[in-house]
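In the two complexes that follow, subunit A is the common piece, with subunit B as its partner first and subunit C second.
So, the complex of A and B:
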């Protein structure tokens, strides 16, 4: 069995509201550019909030041939595009010889809720006999990941993980385990979430969206005046590869997986958890990485401007690290991309290590908690290790540490 | 590496709740198919399915409010309680050790989405706030985790009709990797109108009965259910004197990478080969194959062709049965329930039959254990599952020998 630290990140693909491709994405993160705008994907007249992290300039034809495009829903298009970018970035060619040692592991929790609901409503309105069967395959949650395999002929395995906010960190954990167990040399790890009326309505009705109580929307992680998250869409795919395989093909790695942990927090009842599970995940990850707490360059936080989540995360970070380690949430720029958020954070952390910067938590003016929140981006800084965390209100918590080569 | 054994079984299905009733009906060749009552099917082409009719949640969770759970969660919670009771594991044991959960599903709490759609079509301002919280796919393992005080790893697989095997496999990995000592693993899917309508529109649903491997087979039966297994690290199980059903010795995954819904022989072949390789056995060692066996013309044809390719001349000598002929296709729960059937088959040395079999199909000339259960000693069982997206998973179970 190979060690965890023999697993490398050798390719990055991103489709996001702040940029397409790793260079644009990293560039936007460094300049603190936000991706929030008026939503055009669906009619927002029923909602107080009209803003989201919509990807406006996405042209699927750049990534997918026209003849394949018709039945593919937005989630699937976004994930395929991110996968193509990551494969190109890694310089990896999939052949008959290597395909069975390459897998796909993706986080997606709602699948395309829009596809499911549309299919269902067509049956309710038109009658079940008039439902178009060609859209039925889009209703399964594993459709985006499976279409990635179909598009790029990846035959080793294909796994979709649905653990909400933690989904794409969990997808990485799963993928790294598969490489450790010798089941794969390379895994495309990613996550996707599309912005659609159905998920937007869900978050809106639960009062989780910033601006839903009338104030102008703004994502302000940890701020005293935060009032919720901004819902977004994105897809990101990272190429994870065993060191041996990467070396053989002279791949240029960006970063190394040092350790990870995932822990459930059995607090009950209700939607929000105490910090026990997150604390356990972070401490286990640090122990498994065999590093000191001070060795962490910064914490890529999952704070999204939500009242409860930010409080729990900040208190947990304060308890473990005090105010020593810088913490930053890129959600202040890209918003909440749910199942994709872990992959977005991993791609950002990879850039931070590769280029030497810490992204800012933009918009945060008056932090409510005594932790070291990075309000202005930092440049020209050597980052050895980044701790990336995700916490989900249903009780799951995930932590991944990546380090420099 | 650490060894992983199965020490508890919990099943909720159209042919029985709890392993006793389930096994009795399974070996008697009983069908659980009945007219669909979850929704009106008068506008569909077919009207039968494998619903769980008498479902007494209160019996297993007295005093817990049902309306805070989706049906998927109630099915999963019930199967979990049955499995934990069967394994003789209490919540205090689960708190003392590292215990994790890996579940699988096709559509998760899709029934909740269906309810929301219907309510909002009637009145777009209908209050659905309580329902929204039940929509996320991982609310089911979360409910199970919270009620049973789990504190370890947490995973939800949405790999459609192979999800149960994915979940069992990863639970097996987590124990081997020393991250947890006990894993609650399995699959769950409620009876879904989206699935029923979709498969109907695919003309993939049998009008009367599910007849895997029969020349005149007309399709699958949409069903619901939950299957939960307790996986335990061997030393832990031995120390507490647990009843061991079987050992898990490996699994294989593959992806067809060809088509979302048509199975590929090559993908299935690779999946079985990988499973056997990881288990360290040859095709000669396999004594029973629990088939994916949905009863659709395409699935059964591809699966039999793949079995021929993997097992060569021996293919007609291995019993291959599909319990979907009795309980229908429980989607994400199917391979978990089938793993339970394999565990019981190994334990009792009895193979459950493929019922409704009448006319042999030259393209499916395997030994499908037609219509009657058969006494047969099993050292190794192979549990096949295939899914939309070409997500394939095969699990190898072994008779437990210390």
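So, the complex of A and C:
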């Protein structure tokens, strides 16, 4: 059985509103470029909010042969593209010899909503007998991860985790356990969500979107004037690999998994989840990493501009770290990518360690909480360890610490 | 008529499989040559039923392995439909 810290990140694939591929993504994060624009994927005329983190220049034919493309929905296309980029980045070839020791573990929660709606609509209009069976697989939430395995002929385990905001950090935890227990050498860990009318309407009707009450929309994590999140879409896949396997094939690792933990904190009726679960996850992760609190270069937070989530997270960070450790939320640039958000944050944190920068929380002007929020990006800084956290309103909390090589 | 049926079936098969019409012949085997799986087979059958307004029996679908067999079956079903209308 390997130790946790013998697991390396050897490849990164990203498809996002601020760039395609790791270099564009890291570049955008360093310059503080945000990816919000008027939504064109569906008609927003019935909504006060018309912007989102839409990926506008995505050409799936760059990643998927047109013979296979037609029946794959947007989520699946995004995840396959990110997976292909990650495999290319890792220089990993899947063969008959290694395929059974390679797995796929992905976070996805709302990804199938649009496909379910379309499938149902066809059945209602044409009659159940005439629904197109080829679109049926898209209606299940494990379709994107499964299609990744089919596309790349990956025959080890295949898992989808649907814990909302925490899904892709939980997918990493699940994958790392597989490697640690010797059941896999390599796992493609990722997360995906697509922007669609159905998910957008859900967030809008819940009043969670910034601008839904008429003010100009803007994602301002921790800001006194924040009024909600900006919904977005993205996919990211990281190649996780046992150190032994990576060394044997002479892979160039970017970072190392140091530790992880998650904790569930039940929500009380009518109340937002307390910070107890997040606190437990963070403290456990730090203890398992055998590092001091001061060794954390920055906290990659999950604050998205939401009133309650930001408050809970900021208060928890303040309680554990005071204002010593810098905290930054890339959601200020990429928006809320939900189940993909953990993978997006991990890919960003990997870049931060590899290139030596701390991304900015770009729109935050007047922080409400006494924590060290990075409002302007920092360059030329040596980052040894990054704590990546995710929490959701219903009680899920996950924490992952990655470190330099 | 036969030419039209053949052309339209090849067009449907092309749409579903992603192979160009020129790559599809009467002798093409759905499973060996055109990467058709069980789901795509049903999709082709549903598209044919919609286009020609005929009913292909579900149990017959696995026995249709080549484009020619599909064309023959559709022509037979269309003839039966005509006879039924004339009667």
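Simple rule for what comes next: the second predicted complex is superposed on the first by the 401 of 405 C-alpha atoms of A that agree within 3 Å, B and C clash if a C-alpha of one lies under 4 Å from a C-alpha of the other, contacts with A are read in each partner's own complex, and residues count from 1 in each chain.
The working rule: a residue touches a chain if its C-beta (ideal position, glycine included) is under 8 Å from a C-beta of that chain, and two chains touch if they have at least 3 such contacts.
Model, not experiment: these values are computed from the prediction.
Enquirer: Could you tell me whether subunit B and subunit C fit or clash when both sit on subunit A in the superposition?
Expert: On the shared subunit A, the partners fit.
Enquirer: Given the touch rule stated above, what does A:123 touch, subunit B (first), subunit C (second), both, or neither?
Expert: first
Enquirer: Using the superposition on chain A described above, determine whether A:66 touches subunit B (first), subunit C (second), both, or neither.
Expert: The second partner, subunit C, only.
Enquirer: Check whether A:147 is in contact with subunit B, with subunit C, with both or with neither, and answer first, second, both or neither.
Expert: Once the two structures are laid over each other on A, A:147 reaches subunit B alone.
Enquirer: When the two structures are laid over each other on chain A, which of subunit B and subunit C touches more residues of subunit A?
Expert: If we count touched residues of subunit A for both partners, the winner is B.
Enquirer: Please work out whether A:174 is in contact with subunit B alone, subunit C alone, both, or neither, and reply first, second, both or neither.
Expert: Only subunit B is touched by A:174; subunit C is not.
Enquirer: In the superposed arrangement, which partner chain does A:137 touch: subunit B (first), subunit C (second), both, or neither?
Expert: After superposition on chain A, A:137 lies in contact with both partners, subunit B and subunit C.
Enquirer: When the shared chain A is used to line up the two structures, what angle, as a multiple of 10 degrees, is there at the CA centre of subunit A toward subunit B and subunit C?
Expert: Result: 60 degrees, to the nearest ten.
Enquirer: Regarding the shared-chain residue A:394, is it in contact with subunit B (first), subunit C (second), both, or neither?
Expert: Once the two structures are laid over each other on A, A:394 reaches subunit B alone.
Enquirer: Taking the superposition as given, tell me the minimum C-alpha spacing from subunit B to subunit C, whole angstrom.
Expert: Superposition on chain A places subunit B and subunit C at a least C-alpha distance of 7 Å.
Enquirer: Could you give the residue numbers on subunit A that contact subunit B in one complex and subunit C in the other?
Expert: 129, 131-133, 136-137
Enquirer: Considering only the defined contacts, which subunit C positions touch subunit A in the complex?
Expert: Against subunit A, the touching part of subunit C is residues 15-19, 35, 39-40, 42-43, 46, 49-50.
Enquirer: Over in the complex, which subunit B residues touch subunit A? Could you list them?
Expert: Contacts found on subunit B: 1, 43-45, 68, 100-101, 105-108, 110, 113-114, 116-118, 121, 124, 128-129, 132-133, 135-139, 142, 145-160, 166, 170, 173, 176-177, 193-195, 197-202, 253-261, 267, 270, 274, 278, 387-391.
Enquirer: Please give the residue numbers of subunit A that touch subunit B in the complex, ascending.
Expert: 1, 46, 99-100, 103-104, 108-111, 113, 116-117, 119-121, 123-125, 127-129, 131-133, 136-137, 139-143, 145-147, 149-150, 152-164, 166, 170, 174, 177, 180-181, 183, 202, 205-206, 262-269, 271, 277, 280, 392, 394-396
Enquirer: For the complex, give me every residue of subunit A touching subunit C.
Expert: Per the touch definition, subunit A meets subunit C at residues 65-70, 129-134, 136-137.
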